[in-house]
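Chains here go by letter, A, B, C, D and E, matching the order in which they are written, and residues are numbered from 1 within each.
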Amino acid sequence: MSEIIDMGNIIYSYIPVAIILVVALLMPPLTMFLVKALSPRSKSAAKYQTYEAGSVPTGDARIQFNVEYYLYAIAFVLFDIEVLFLYPWATIFKGHGITQLATVEMLVFIFVVLFGYVYLLKKEALKWMK
Amino acid sequence: MIPVELYIGLAVIIFTIGLYGFMTQRSGIRMLMSVELMLNSANLNLVAFSSYNADLTGQVFALYSIALAACEAAIGFAILMAIFRMKDTINLDSFNVLRW
Amino acid sequence: MELPEILFNPLVRGILGLCLMGAIFLGAMAAVWFERKLSADIQQRYGPMRVGPHGVFQLVADAIKLFTKEDIIPKNADRLLFVAAPILLMGSVFLMLVAIPFGAVVINGDTYPIAATEMDISILYIEAMSSISIVGIFMVAYSANNKYSLLGAFRNFARMIGYEVPLGICVVSVAIMAGSLNIVQIAEAQSPLWFVVLQPLGFIVFVIALLADMGRLPFDQNESEEELIAGWITEYTGMRFGLGFFAEYIHLILGSMLIVLLFLGGWNLPEFLTSNLILGIILPTAFFLGKVVLVMLGIIALRWAVPRFRIDQVVDLSWKRLLPLSLLNLGWVIALGLLGV
Amino acid sequence: MILSLIVLIPLIFAALTLLTKTKEQARGMALVATVAVLILTLYMYFNFDSTIATNQFEEMYQWVPSLGITYHLGVDGIAMPLILLNAIVLPFLILYTWNDDRKAPNKFYALILATEGAAIGVFAALDFFLFYIFWELTLIPLFFMVSIWGGPNKHHASIKFFIYTHVASLVMLLGIFGLYFAAWDATGVPNLDIPYLLSQFQFIESGLMKDLIFLALLFGFIVKLPVVPFHSWQPDAYTEAPTAGSVLFVMLKIGGYGIFKIMLPLLPFTASPDLMITILAALGAVSIIYGAFVALSQRDLKRMIVYSSVSHMGYVTLGAAGLVSLSVSGAMFQQFSHGLIMSVMFMASGVINAATGTRIINDLGGLAQKMPKLAVIMVLTFMASLGLPGLTGFVAEVSVLSGTFVNLPVYVMIALLAIVITAAYHLWALQRAMFGVFNEKLGTIVDINSYQTLSMGLIAMLILYFGLNPSPVLDMMLTNSENIISLMAAMGV
Amino acid sequence: MMDLMLLAPELTLAVTGLAVLLIGLFLPVGSKKILGFIASIGVLAALALTVTSLGTEAMMFNDTLSIDALSQFFKIVFLVVALLFTIASIKYMEGNKNAEEFFSLGLFATIGMMFVASANDLMVLFVAFELASLATYALAGFEKTNQKSLEASMKYFMIGSLSAALLLFGISFIYGMTGTTNIPAIAENAAGLVTNPIGIVAVILLIAGFGFKIALVPFHMWAPDTYQGSPSVVSSLLAAGSKKMGIVAAFKVFIVALIALQVEWQTVFAILAVVTMTYGNVVAVTQTSVKRMLAYSSLAQAGYISMAFVVLTPLALSGGILYALSHGFMKAGAFIATAAVVYMVLSENKDTEDPDHLDNFRGLGRRMPITALSMTIFVFALAGIPLTAGFTSKFVLFSSTIQAGFVWLAVIAILNSALSLYYYAKIVKYMYFLPTDADKVSEPLPYTIALVIAVIGVLAIGFWPEPFSYWAMEAAKVLIPGGI
């Protein structure tokens, strides 16, 4: 990275993204307006009821998450973040004169990640529905 | 180019929202989210400054702080889960045994 | 011959992106048709036959039907989220599409990818955008206030968080080999040798994880028509359902493209095939899209070849098999890199 | 080496005593230690040259060079009599308690020894760090002494004592810091040596700084002494303390020692010496008067003795303020004499309390019939305390009053008023408690046992001896006070 | 090429921590006792390595880590506290099935603290700061079924994460204004900070951020709750270790990096120091829970140490640094003694409501003589009685305050320390003077060993301060080489 960050280039490369974003934001509402214009209307109380295999729905569907989900979510977030550290290193691994020390450090890092993984496995944190 | 003051302004606004949320909310999860907001406003600052100072340190720093924020969230969730298991609520006002 | 400067203007690229959007709509329709026909073939029936030759216009008829169906929002639903969710779903796939090249033209030995934009970190960007859809799915399910939907969304969560990690590690392995996070450079780095050859393990893990990420069978636990009545999308009707449905198929196409770009050599052809101007313009893209179609057909065929996993099996598979395997692959790639391959 | 031994023997034996199991072992250990200290002290005393005012038996080792802290010991004519006092009284104190039954005797004797070691340490220290350490060290055993074996109000009394004296010593520490850094800044060398810092005081430029340092140090000393109005910890602590504790309090003459050793050499160099002298004199005179009046109104025998002690301490400050060699040496002798007298008086009140179960003077009466031996000793000491000629109290008070009269006649006149009152309450208490009709409610009473007789009697003998022949200690005091006065004369104060 | 040997203490701890975690996974609950021994040996080895490396100076990893007298001194402080913590925890963790997590978290927290001590870059400092914080959050809530422990942990976590956010935001401004995160380089480029009002904002944010960690009033509200609710051994790590980490970080950030803004923060620290020590001492007087009392006393001690920021002479800084070491021994020891009492109380009656209540200290002098004697020494040291570590460090710190002309500050501090004696003496009174009919109990060996080590430390600094004050002085010279 000779010129450290080329802001101009980065912004240019995101202009198409912005254009598509606008279109993507507009498209579903437009479609739905079209649908509103084209589709028939008929009111019936049963139609607006939540579907529950045909029977009258009972209770609220918005139950609390099972705690296991949080455990998984935490594990996921941590591993995902650890992968994050691999990206910058990965791009310069080849052909950028990376020092051996950096490679060794990354191996140590991966080893520690692996260590955490073994720990989770052994603690049965990754077991669905204990 | 967008002037750096705008980034700072945005970061300050986000930070203030986070701080306000932290002060006013009593649900553990919401307080946690407020803190994350504050950390992210700092990240925004770091990245913006990094680009304006033409120095990569800020970006690397942001990377680290993202990771730390994740760890913090993990610990926070763990604590809140333990609290929930005991009290069936994450409203922190229900925790007031320790008073003098 | 140099391409005219105007082609590199970001606004022009944006218009190119819109064209690609249109193209992918057509592609999605084609994919739906393929799916129907192929599944019918596998099950030894005909599939759609009436609308047009071999039912090619079936999709048009379906679209008309969807447009004229009544839009129902259940009274228990959270209206705002219910209406906003499709935007997220569509936005996710369209924004993914911006950074993915749909092929390339080779003019006088110079390769110009056909993509709306080219960024240094496109692979990261694509992953990020792809993950947004999970929020859309959850929004749909939560706003609908339907038990099937919520169950589907929970499963979706569990699955997604499991497979994102091995997926990411496989992408890192690829990035190490290519020395870049730019998807175009990754594709071009496979010029003599496809990465599937260099890291077969990574390929397998990546494909499985990607399948799970897209929610294709055998990983469609969030829909599971038989038990959850289409799961997360139960309460969506008419065109609202159509949008979610389309988003899924677009995701399928983009996923197939990713597989080709990351592991199956992209558009790279030997030089003698592209030295001619006309051939250089047509062949690489054709080659690329051909591979994409093959991969897509493979994925569709897979749907009828394997049964659906149980959710706990899905989660176990990702955490206890794919994650270590992807790390193993990473180690293998690093070893190769240290050996100078 | 001998000084270190004298300081360390009690401390080491204190630790050993803590380990003993029975009363017999503990008191034996304590007696061995105190007698050893007495022998060593006597040896030192007989080798002490009382004609020179410099420090003798000096020892000096580096301790914390980076802060200028040394292990520096030495005695001069101010410290020697006080060490002697401690060394003499303590074995008798052990004897006095020989047959007492109390809980945790090992801790009790250990605390006595620790106090002795710490007190001698204060007298022997020639480095402010060491001085302060021993100073604070005297606090802890006495605090425990009061709060473990004290009377009904012991917790209140011990805490009050602790807070009062701790605050005072911290303020004193501030003063030491001031002195230390003034010298450090001036010379660039950190040094906490007492003689060195005293000699450096005059080079401080800021007059305010000098006064502040002086007052901070003075505050530390007069609270410990104590003088009115900083005395209020004393009646509580002395009264609630067990007899041995009260005697130890009396032995702890570190407040007065500080005034002679540290304040007087600094006095001429303060920005306003006259003001300081006035402060000292006023404190002294007020204490004398106040102590006497309050003592007069006391119903509790021990409390009366305590207030008489306040009154006596007034003579120390007044004599120091007198600034002639007679008054200063008289004040020093007052400390020595007071130590002897008060220990017997406290012992006597302790004996009476043990025998009759009360110390209220009105409830006593006619004890002389049942306790003749005690009566003899008590009469002697009470006479000494009110200043009967031929006893130590007289020597001290006459020297102080006549010496001070030269410079501060007004204050002496005030103090003279108190002499009448002092005589009154002493005689009144003696008359009501010892003579007159025996109060039958007190029941059967036995006289003091032989150990108590021996200890109280011998100390009383010393009161008589030093009253008739004060020169063995007065000489060295005179030498030192002359030295101080000549120093002042050189400064023109 | 740098010498990795310089990182040997940290590496030793890291390897020990991972090893403990791994070995513990494969051990049955009954034999997990060995983990504590492994952890203690690891800490001891790291301590030995650090002590032998005293006096070395080096820069590592592109000047992000600095090995100097300051870092080595504080590393020793942290390792000493960690040693006391691990030894005492051997008993506390007896029969606990999660022992490996406890010990490894403790070790990881120590590593974090040590890296803070040698950080020469705000990035490293922040990451290490968080490492230590995260580990201690988990430790504070280790008793997952004890509501107090959870509450302590939760309050600590919430406030801790808030302080992290404030810190990071402040650091981001400093980075923006100076263009670097290297601490000495910030000092060189401070011109941008001084002229820009954002510099002031950054200072305020940083003071608040560090203030929470050091528990300066008004950022203290978590501390008493956390120290009281956490397991006692963890409280020892928090009060004696984690707090010192905040102090060394603040030393580096304010005194080295932001010295150009001295005028701004000096005043703030003066006010904070006075308010903190006074508040801590006054409130401590009324406490009946010993841990809570120690927590408030810990506030007061932090107030004393903060005086170093105000005085800013090498002597004052060395006083503050020496105080950190002394406080490490005294406070860790006091908490461990409390832990022993709590252990004793709980083993007698499992459902005791307040195991650290003063009433449980009744007659401790007879029931647990060694614990009571050690506790007496610790509280007297905390009060600043001579011949203890507390006196030596107060001597240096207060005297330097006077030397620099801040007499008012020294007077307030001295009055405070006189006041503090009242509640310390109360503990001693309960232990020795109030009667109890309970029987003598046997004192758990690990606690006793930890206590004895702490006592030796307290007395060593009290009796022979020379080497300690020498190294504290060397450390202070790192902060302000020429004096100010």
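As a working rule, a residue touches a chain if its C-beta (ideal position, glycine included) is under 8 Å from a C-beta of that chain, and two chains touch if they have at least 3 such contacts.
These figures come from a predicted structure and were not determined experimentally.
In terms of the stated touch criterion, chain D and chain E have no partners in common. A simple rule picks the central chain: find each chain's mean C-alpha point, then take the one closest to the mean of all protein C-alpha atoms, which gives E. Among the remaining chains, the Cα-based centre furthest from that of chain B is the centre of D. Which two chains touch most often is answered by the contact tally, and the pair is A-C. Among the other chains, the CA centroid farthest from that of chain C is the one of D. Chain C and chain E have centres, each the mean of its CA atoms, that are 53 Å apart.
Averaged C-alpha coordinates give centres for chain A and chain C that are 15 Å from one another.
Per-chain CA centroids place chain B at a distance of 33 Å from chain C. Look at where the CA atoms of chain A average out and do the same for chain E: the two points lie 40 Å apart. Of all residues in chain A, those touching 2 or more other chains are 73, 80, listed in ascending order. Multi-chain contact residues of chain B (touching two or more other chains): 50, 55, 60, 71, 78, 85.
Under the contact rule stated at the top, the pairs of chains that touch are A-B, A-C, A-E, B-E, D-E. On chain E, the positions that touch chain A within their shared complex are 18, 21-22, 25-26. Those residues of chain C that touch chain A in the shared complex are 10-11, 13-18, 21, 66-77, 83, 86-87, 90-91, 94-95, 97-99, 116-120, 124, 142, 144-150, 154, 157-158, 161-162, 164-165, 168-169, 172-173, 175-181, 229, 234-235, 238-240, 243, 311-312, 315-316, 319-320, 323-324, 327, 330-331, 334, 337-338. Note for the complex: chain E touches chain D at residues 380, 385-387, 391, 395-396, 398-399, 402-403, 407, 410-411, 414-415, 417-418, 421-422, 425, 429, 432-433, 465-466, 469-470, 473. Partner chain E is touched in their complex by these residues of chain A: 112, 115, 118-119, 122-123. Residues 10, 12-21, 23-25, 27-29, 31-32, 34-36, 38-42, 47-53, 57, 60-63, 65-66, 69, 72-73, 75-76, 79-80, 83, 86-87, 90-96, 103, 106-107, 110, 113-114, 117, 121, 126, 128-129 of chain A touch chain C in their complex.
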